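Here it is, the structure, as structure tokens.
Each chain gets a letter, A, B, C and D, in the order it is written, and its residues are counted from 1.
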Amino acid sequence: MAGNTFGNIFKVTTFGESHGVAIGCVIDGVPPGIALSPEDIQKDLDRRKPGQSEVTTPRQESDTVEILSGVFEGLTTGTPLALLIRNKDHQSTDYDNIKNVFRPGHADYTFLQKFGLRDHRGGGRSSGRETAARVAAGAVAKKILAVKGIRITAYSLVIAGIKAEHIDLTVIEKNIVRAPDLTAADQMISAIIAARANGDSVGGVIEAVIENIPAGLGDPVFDKLDAKLAHAIMSIGAVKGIEFGAGFAAALTRGSVNNDQITVNNNAVVSRANLAGGIAGGISNGEPVVFRCAVKPTSSISLHQTAATQDLALTDITIKGRHDPCLCPRIVPVVEAMAALVIADCILIQKTIR
Amino acid sequence: MAGNTFGNIFKVTTFGESHGVAIGCVIDGVPPGIALSPEDIQKDLDRRKPGQSEVTTPRQESDTVEILSGVFEGLTTGTPLALLIRNKDHQSTDYDNIKNVFRPGHADYTFLQKFGLRDHRGGGRSSGRETAARVAAGAVAKKILAVKGIRITAYSLVIAGIKAEHIDLTVIEKNIVRAPDLTAADQMISAIIAARANGDSVGGVIEAVIENIPAGLGDPVFDKLDAKLAHAIMSIGAVKGIEFGAGFAAALTRGSVNNDQITVNNNAVVSRANLAGGIAGGISNGEPVVFRCAVKPTSSISLHQTAATQDLALTDITIKGRHDPCLCPRIVPVVEAMAALVIADCILIQKTIR
Amino acid sequence: MAGNTFGNIFKVTTFGESHGVAIGCVIDGVPPGIALSPEDIQKDLDRRKPGQSEVTTPRQESDTVEILSGVFEGLTTGTPLALLIRNKDHQSTDYDNIKNVFRPGHADYTFLQKFGLRDHRGGGRSSGRETAARVAAGAVAKKILAVKGIRITAYSLVIAGIKAEHIDLTVIEKNIVRAPDLTAADQMISAIIAARANGDSVGGVIEAVIENIPAGLGDPVFDKLDAKLAHAIMSIGAVKGIEFGAGFAAALTRGSVNNDQITVNNNAVVSRANLAGGIAGGISNGEPVVFRCAVKPTSSISLHQTAATQDLALTDITIKGRHDPCLCPRIVPVVEAMAALVIADCILIQKTIR
Amino acid sequence: MAGNTFGNIFKVTTFGESHGVAIGCVIDGVPPGIALSPEDIQKDLDRRKPGQSEVTTPRQESDTVEILSGVFEGLTTGTPLALLIRNKDHQSTDYDNIKNVFRPGHADYTFLQKFGLRDHRGGGRSSGRETAARVAAGAVAKKILAVKGIRITAYSLVIAGIKAEHIDLTVIEKNIVRAPDLTAADQMISAIIAARANGDSVGGVIEAVIENIPAGLGDPVFDKLDAKLAHAIMSIGAVKGIEFGAGFAAALTRGSVNNDQITVNNNAVVSRANLAGGIAGGISNGEPVVFRCAVKPTSSISLHQTAATQDLALTDITIKGRHDPCLCPRIVPVVEAMAALVIADCILIQKTIR
């Protein structure tokens, strides 16, 4: 109800504040018998953790995960997995000067309007730090997907207006912005560093592709696969839009152009151009699911800005803290994680049908 | 689980197939004491019903709603509302020739992959006809919003590539494409008629604005207001993308440009340009919530197309049936309804907090 | 949330008031491909309907069910089933004299305290009439159970203090009180008729046995099979208690007596006396699940009683209406239906695990 | 779905195995602004912890709770509370000899049938140890109840066949069996010690009373207050039955006797004998809610017993481990906790109605 749980059968509940004792999650609905080690989870956490490169925040968090329950002799038991990540390098005093200030682009004002009080340190519950718990949960979901051979890959398609010219999934983890094109990656990195030097930040577009997904996942009405993925991805802090397949471009064409023209291949119906992004009527059609999401430039910038205080006076602020000049590189694993939660859930739901 | 229910507290479950006995919904969680008549609901159903103008399908359905329960002496009682709409003008024989064919752009193939069998008549459960039940539920939700003075207005911003030049909410219901600009509306109508004459269809972009929404609605983590709205809107059949505020454009700017610069007005914090679309950190900030969604061109076109049969042979088809050459005019009230469901739910959730 | 839905995967939402237009339900989560006809449902409705014998209320309701959706060519499609029963013989004027009176033993006062207004006619939503919708849903659940060979049988074990001496499941539908012992049945009938002649009513104990249930249904923590069954059965209006296996008697013995001593039979572990009632640690063990519930005497009696008015004055009332002098015969199919909903749900949940 | 979450708005998810790293819970839906300290929780944990008296197991667990999130400067923030209790004194080797044995009265066999594998150490997830997490959550729920002045008190009404002669709530925490009658308590203690000396165990009946509960809590259909309480209490491991008010005795009387005769007192409608146990039609009527539950004798006894092995051979076992000869004293706080979860949930649900 309070929106800290995601999923219907593969249910993930996250907890924790940016500068609290710890963050973590409980995953209920994990089938028994899946091999799972802390390393399986740590691998993805390391891709999201701060301080990993010259284009991310220097906050140092090892983000070491501890599995508290649900695994016995290396296998999941079907009981809840509790995953714990203790907070370490939180410099809460960085935030003392903005305790009573609503920062531009942040949830400070809205959180207070909703709850009547707030933990102002590092954004509290509204911090992007919460997504570490999602990445941990997503790593578990990926183990379920791996059984089916399903692979989810996200990457920075556009950063600071620079677009990858071609998509090579093998180079994504070989550059610090996680772009699928090494030449574009170099330009993106330069643009990020230049923005940071100006006390500013940049945005971008992340694309994700889900390969080898079977036909039949998703539901025909409210829980369309694209609707669930949209919910999942739009729940990531800085994301302002999402589109599937041809997306907004589809709105500008004609039916005769946009209809995925069907052919038959290897005993399956396939479309010629995957303009639908792998989903028809809310259900996967067996082709790769493809979506893109818009990531706004980081709200925390070191340039002087005007802000409002809790007494509703205006004030000039400079945000200290330690922030990412571009969120895309660290959001890439979060996008993968959220997509993995959706697909794992759809797989388990489908088991109730047939 | 099977995705036929939407909402957490204001819960709507729809039922029914395009050519079955009836469609309808049950709404649980409606607070008691709200004045409600069939006319309140019929008004919105009439905006969605087929055959309403020269640019919609000629299928004739009065879509007359019957309130079966939950209202006593003109007031809701706090018990479930069941709303029933009987199907009348279904020419199921139109579909006999495509009984074993997967139509391009439709859910025929995917539905069968999921469920193993299907009601092929008019798309069965995957038909857009199901959204009549949503519109009925949305009309009830709007009664809750009206108590708070919240207004939701959607309109065709773009059709067939023609964009409204200015936004005048007062003219939307005065033109058959529901555009906020009468000049653009005329051009849109001509474009739709031309496409239909060619046996083709066109797409468009629908924009929605939620005015007078209080700050504090939505949740900070998975159930962000934008995430819930994205889920709701993406669950409408032909929608392929959604964006909030500056949306995808935000991905291309810098933080210093995109941050909603805050000022103070009338004892509230407001931003200068509403680039965030009325939502910060997943919670409404008191400014209008603004989003746009991409509507693909209707998949059912009368041009010859190649399709696959259930035996996985290719075949040429011409879709008879009776279809909308552009979905936007009739989706406008569906977008409003889905947004109303989300906001009503958020209002009731917020009551559990403070 | 408002408690009109039961089940996690096999989800039943009921609607309707005793003297409203109709009652009914929507069932979501029914797997596709199950043969289902109106007769399958009507059969159980006829066992619950009023006016069926000399020991039930004379209210005449045919309780004819209409399947509005979710079935195509005789098979379920995996989409929601909507079932509708129109109300016919409601003599609402019978209730005019108690419009502002809180009847003893009824929900009149409490419903008003909760909702602030109420449909007083025949108990409105609080009427036992709502259980017809449950019986309809239960009949669908039983079709799922039948696939697995699971049988649920309930019967009147005790009525008016008269207890069945032996349990013969074959005679239950051969006597109008649904007792498993024809001799006891005759005595029960006489006792009911005598009570009614005095303007009074009697209570009883219903026992249910679930045969051929596989081991492994239910969950180890909050959703123990017995906990879910207790929730289901206690949600029937007049039920005041429930016990499983040895039940309250277990509280008085020693561990060495109460432990189900285990033996091995036919490649399964079985206990010697089924004192646990077929459930260990919340999960079925493969033996028959056995429980008993206490049914209070009907609250509506024609004897003079003291009641309170809405103005909080005392008043003498005589309840007209038409009521059952003993609820057990008509609650028997409701107990079966609620148990069937639980077991169907557990079967579908179990499919997500293994 | 997997049954590790309880509640609709005040949602508690527990995790952890008896001999794993830790147990704990996440509570979502706690309203902001409630004063909460670890001591508030520890107080109840100490009432449940092992080793607290001569009639409980000697296992030593301090059961020290750590609040990981959701509290800031002593107040709840409206975000999830994560509560952690690390396991310490688990002598897992005690269980090596029963690794492949199904113990009588335990979930060993059924858990394996459900999940296909199991953590055999100390019962794993099926252990009563899991209830420590519930007690922690219940302590938080009690803080919400305290705001409304609602008090929940449970006590051992019967142990080993010895029944408390009178109910004095002030002495419950002054005797180690938590009986409301000190004389009976002494006899109960002697009976427990005698049973343990024989290698055996005893059962009992726990009664609970919820005082100062407002009228209007609970729902009229599936989520009747008594149905939710029954679910909650029956989900405690050793509980085999529950009854409300007159309970099973009501089944044996007549309507004219059992109807709570209504009178008016202090501007409220009250009944003369509270035979209904404070609930009418599933909704609280403002009088104390009273229920009793049957607690079976502890299954773990040191007497020799016959058990089955995983290979389905019979074997003689003697259960080592360290066990409670009577569960009632330690279940009393668990009953209170579960009732508190239900009432807190009902209070928050009611806020959505009026």
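Just so it is clear, a residue touches a chain if its C-beta (ideal position, glycine included) is under 8 Å from a C-beta of that chain, and two chains touch if they have at least 3 such contacts.
Here the structure is a predicted model, which is why all the values come from computation and not from measurement.
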Most distant chain from subunit C by Cα centroid: A
Which of A-D and B-D has more C-beta contact pairs: A-D
Whole-Å gap between the CA centroids of subunit C and subunit D: 26
Whole-Å gap separating subunit A and subunit D, where each centre is the average of the chain's CA atoms: 39
Whole-Å gap between the CA centroids of subunit B and subunit D: 46
Overlap residues in subunit A, where contacts from two or more other chains coincide: 1-2, 4-5, 8-9, 14, 29, 32, 78-79, 114-116, 125, 220, 349, 352-354
Subunit B-facing residues of subunit C, complex: 1-2, 4-5, 8-9, 11, 13-17, 20-24, 26, 28-29, 32-33, 66-70, 72, 75, 77-82, 84, 114-119, 124-125
Complex contact set, residues of subunit B against subunit A: 1-6, 8-9, 14, 102, 104-107, 109-111, 113-116, 125-126, 130, 158, 161, 195, 199-205, 214-224, 226-228, 230-235, 237, 240-248, 250-264, 267-269, 271, 276-277, 279-286, 294-301, 303, 305-308, 312-314, 349-350, 352-354
Interfacial residue positions of subunit C with respect to subunit A in the complex: 1, 9, 29, 31-32, 78-79, 220, 348-349, 351-354
